[in-house]
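Listed below are the structures to be examined.
The same chain A turns up in both complexes below, where it pairs with chain B and then with chain C.
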Partner chain A sequence: MSAGILVDALLTGAVAAATPLLVAGLGELAAERAGVLNIGIEGLMLAGCFAAFAVTAATGNPWLGLGAAVLAAMALGGVFAVVSLTCRADQIVAGMAVNLLAVGGTGAAWRILQDRGLTDLPAGSGFTRGWTGIPALGELPVVGPLLFDQYGMTAFALVLAGVLALVRRRTRLGLVLHGVGQDPHALAASGVRVLGVRWGAVLFAAACAGLAGAYLSTMRTHAFVPLMTGGTGFVVLALVMFGRWSVGGLVVGCLLFGLAESAQQGLQSLPGARVVPHQLFQALPYLVALIALALAGRSAPGPAALGRPWPER
Partner chain B sequence: MNGPVPPPRIAVAGVSKSYAGIPALDGVDFQVPAGVVHGILGENGAGKSTLMKILYGLVRPESGYVRVDGVDLPGGSPAAAARAGIGMVHQHFALVDDLTVVDNCILGAGRGLGLVDRAAWAARIRQFAGRLQWTIDPQARIADLGVGQRQRVEIVKALLAGGGQTRVLILDEPTAVLTPQEVDELIPALEALAAGGTTVLFISHKLHEVERLCPTVTILRRGRVVYDGPRPERDAMTRLMVGEVPPVLGLHATASPGESRLEVRNLEGGGLHDLSFTVRAGEVVAVAGVDGNGQEPLIRAILRDARAVTTPGLAPEDRLGGIRRLGLIPDDRQHEALVLPLSLRDNLVLKEHRRFPFATSWGWLRLGRWRAHAVDLLTRYGVRGGGPDTPAQDLSGGNQQKVVIARELHRNPGLIIAVNPTRGLDLAASADVLRALAAARDAGAAVLLIHHDLEELLAVADRVLVLFGGRIREAPSRERSAIAGLMLGSPTP
Partner chain C sequence: MIAARTVWPALIPFAAAVAALGLILAGLTLVGYAPGEVLATAWRGLAGSPLRLGIWAQEATPLLLTGLAAGLAFRCGVLNVGTEGQYLMGAVTALAVLLALPPSVLSPWLAALAGAGAGALWCALAYGLDRWRGVPLVLSAILLNVVAARVLGALVEGPLHDPTTAAPQSALVPEAARLGALLPGTALTLAAPLAVALAVASWLVQRQTALGFEFTVIGLNPVAGDLAGIPVESRRRLAALGSGALAGLAGAFQVAGVTWFLSGDAQSYGYAGIAVALLGRLHPLGMIPAALFFAGLDISGRQWERRLGIPHDLGDVAKGAAVALVLAAGFFRGRR
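Our next item is the complex of A and B:
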């Protein structure tokens, strides 16, 4: 009997852990396809995470929090775009600066929240599981825990993945994105505004990262602590690479990582696990990610113009 | 019957454009009627590229206008130029390598960002290609296509962008990358297009192709139209393009060659089969051939000291880490010969910078000597556009090549290897390069010239070898058509 419950719990936890990775990953995938390596995604998630919490705490409305997360991340993403696209600064350095800016900015703003006593969400104001509002759906075998006993973000992530896959394969927008990341010269010669496309991709990625951050502070937990994202953004970067810049590969990668995350939480609660320091369990998913990356990364070329400024001189 | 005279298909009037105060085009006027192939000629820097960019809407002219069938072309928008019926085939193909033909056509010729119907596009690609007697596989990846096929894709893409209504097709240096056979196949297709009413603007500095294709020409020099009308004789065209330039033809040696300087005996491997030849002092041995027939492995074998290669008369100190130090003018001067961000002073001393007198024995670099050396070489080899402190990347291609030649030839090396030394250079710069090689030969050097341009190669070669499919054979005569045949693997010499 308990085996079934255990598996259910494992899978539910896996999907819940994979969701923010997938949302942020889809945005990053679009940006990298367009040739922009945005390692500031960690900072954008943190900004979204904080903005969602702060606005929800102040207004009691989580939807306003979600909107604030998107706007905050896009504003910070805009800073990254100005520096790295318009001013042609090195994308890695600019991304790192965004990360540091987000750490400092959210840390300082958290102090202000504390001073005003806004350290908790008003009761009942965070999002709850079971996004359909029909509890019976959550009772269904397999799909129940996987799809319906989750936050609405999970459904959104899957829809977004489907849309993005369609855009990639079936639309001219997908070809333009691909071309801008592969050979911006060719696209510019055909009259495509390379910088405009990259700006759009970066802002889209920022919005996605903001949503993923909001998931952490108003869905999965109803709390904020400084540095809450804890490196998730960097895992997203690795997963995009692991998935070889394809939507399907990214989905698989996110689920694998989510499974490892869910498994380590399960292992920690096993009787007798006390003798092992819990940090070792927490490191497990990252170890899995490293191994997977080493195995998968060998022959993955990626967009040819990834990380290069435009115009080149 | 006697209706009003139709306006010219394309009219350029008073077009001027300058960059940083330096005029690139200065009051350019010309007109071309419908349904002809018209040549636009000029040296590098004459303003051809700027003119093309204006016609295609990439650049807005400072004054003057372009009209297509009497209607003003709005500047500054390739999309508007495409709507006006102008198709453009760039010199550097605007194709994304890892996408298919059909996806590239959708990218280059499609509009909007919505769903794409690949089947319909593929059918149109086949239809447009069929009109030119071409077969194109719409599902092929660009990376898997040869240069000739890629160009066909570019032309079809340009025609698709006009939706079958292409009024003007611009081809920027279309034959620069093609083999003679591919050129032969391109020309009837362009004539067919013109017969169908499309005006073709053929931008080139290859006069023999212009002679085959263009009844009328416009010749640009330093941003001005110096001639516009029926195509003149070749000598007249050359003079109009470059002013007076001494001819490069007939640079062959008169003296008989001396001792052997490079011997290749039964070289095998890397796609080469039983290669043997000798280069002696005082001769230019030219290796003709279409790129990819073994040039790369041959050069590597010579430089890397393969056992089948001997260099009698080359001093032992002229070896460095298994690489022979000789006068080497590599194919890719921007990456293999020059360090682009470094100054000319530094580039000119490379290879000798650790030797006396440029460094002391304990490694102190004597930069004053470097500078004096650079000033001396820049004057002697007539490098223009920069001084000792100018980064190499700021020079034009022709002057960059002069820097390479100065460094490689000033020490009078016994053996010189030059690979496509005039690639990308205009007539005057090419002539300078060929003359420098001939002068080195006359001073007693052995020269191995591996070159893709048959005309230039014949101008300077004392003996001609042909490389095809990894095998080499000596051309029995200097006749162009016979050598071109060998280059394409014809069995009988």
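Our next item is the complex of A and C:
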């Protein structure tokens, strides 16, 4: 294999691995900017992952699956919002409860799916690579494998990143979102409904997490296994912090992490790699995330009101 | 007045548990199961014979220990969501000790010590990353959970692997090194009374000692604690280490007395412990019924699956719903 092909494979794999992280991360970024830390994002992704697979398996239409993923994640996100925003429970423990609900709910529903024999997607019903539908684009040097020989979700993620960056810089909504996470008192005083904004941000984040989950089960693979997300949601939380709560930082973080993930898979397939247990390779991306966070230190604090309930008493 | 204020909150978890169970039953009734039969099946599985009761207590033991672990940290405002990783590291360290040492009566207790130590160290790692490198404890702990699961997997397939099988599982702890069963036919060991004793001890420390009071003050308001002269950081460190040790102990006892080996399969006693702690409203004694409720759901779920064909994971849904309800009822309000 020539070095060029190897690098191509590495980069293509990196973008493919970064895509769900970016989609879920952009949602979580918006929520955290509004002051809401949702540990339950792992569970929301799992719910989306399952719902997309189940509905696609049942109907043969992946678009319906995508819609189901968004709805399922938003419903669970709604539970989180009721508990943590409306009832003002601690956001972290509320998020853990959401994770528990998602693990149990998807596990139970998976059994039902198995009983009905819906354990595979109907042939050809999952999404395919090359979202433009023009194979020639995928063969372009560099941008071909990176942008065009990917699933549509990759393009969507980049567009969403651009839109969010614009909203942040150019619109009142962006300012309000920021303010609600920074100084909810001031925003409330100027007539903004703090809870309403936070509810909206949480539901948006849930929808994004649902899409990211759908990517795992109907695009990157065409399969579902219980606990499929396996900690991806937690990595998303780490990446949002690593990116200093900025869209650009998040994109860079996701790509770096995607690269680590892709390299990890590449390393595993090297002939000499058998000496090292494959689990240690799998642990590598999480260690990379931890080390990156540790090195990044505490130089930039997050949104001042992150994790705090509103109203405070 | 005082009675009303202290009794009502204590009843909330029970109401939440009943409501969560009711939710599941209602759902099952809707899809055509007879609720009476579902309940009867659960009850026979839980309390149909002394043996069954023993198994119930056996299943509740690791949950009580991880619940105490999470509760100790949470009460002090240390959000140790890493009990899962600490549990796993405790389990695998205990297993290594049990397999390496010549088997004796002392083996399980040495393994328990080693497991507690490993759990404390794993939590210290997360805590250190928070304290000195500015990585929020919630993140460091949760990422270390994933790392711990992979480390366990690597050890189980590597140095601790059972050479007689190709399956990804460790060698079996020799019989002489195991923690003996108190009730023949179950794996109910001394770990169960010990866990209850630890719960009572936690409660006494919390109520009767200055240390317990300091933990509570820090949990409610660290600034007030600091102003009152409590060494907030050192108390938090202590809570984190104690929490990790308890979670590790839970894993060690599970290996020494119940499973006798480890495989790479997912476990979740550590995560469940957080839910047990919350359902018990962080009250050490409240965690005893909470652990029994969770263990009861696990056992009932398996019975439902075997006898009625209902997915056992429904038990997990009930757990999540119960915790969400307790939180929604105003417990563990977000901190300022």
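Criterion: the second predicted complex is superposed on the first by the 311 of 313 C-alpha atoms of A that agree within 3 Å, B and C clash if a C-alpha of one lies under 4 Å from a C-alpha of the other, contacts with A are read in each partner's own complex, and residues count from 1 in each chain.
Everything that follows uses one rule, which is that contacts are C-beta pairs under 8 Å (C-beta built on N, C-alpha and C of every residue); 3 or more make two chains touch, one makes a residue touch a chain.
Quantities reported herein were computed from a predicted structural model and do not represent experimental measurements.
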In the overlay, answer first, second, both or neither for which of chain B and chain C A:Ala108 touches. second
Check the residue A:Ser190 against both partner chains and state whether it touches chain B (first), chain C (second), both, or neither. first
When the two structures are overlaid on chain A, which partner does A:Leu227 contact: first (chain B), second (chain C), both, or neither? second
Counting residues of chain A in contact, which comes out ahead: chain B or chain C? C
Between chain B (first) and chain C (second), which does A:Arg170 come into contact with in this model arrangement: first, second, both, or neither? first
Which partner chains sit in contact with A:Arg116 here, chain B, chain C, both or neither? Use first/second/both/neither. neither
Figure out whether A:Gly179 sits in contact with chain B (first) or chain C (second), or with both, or with neither. first
Would you mind listing the overlap between the chain B footprint and the chain C footprint on chain A? none
Taking the complex as given, what residues does chain C use to touch chain A? 74, 79, 81, 129, 133-136, 138-140, 142-147, 150-151, 153-154, 157-158, 264, 266, 268, 271-272, 274-275, 278, 305, 309, 311-321, 323-324, 327-336
Can you check the complex and tell me which residues of chain B touch chain A? 57-58, 77-79, 82, 88, 90, 92-99, 103, 106-108, 110-116
Touch list for chain A against partner chain C, complex: 37, 39, 79, 82-84, 87-94, 96-112, 115, 227, 230-231, 234-235, 237-238, 241, 277-280, 282-283, 286-287, 289-290, 293-298, 307-309, 312
Within the complex, chain B is touched by chain A residues 170-173, 175-176, 178-179, 182-183, 185-187, 189-192, 304
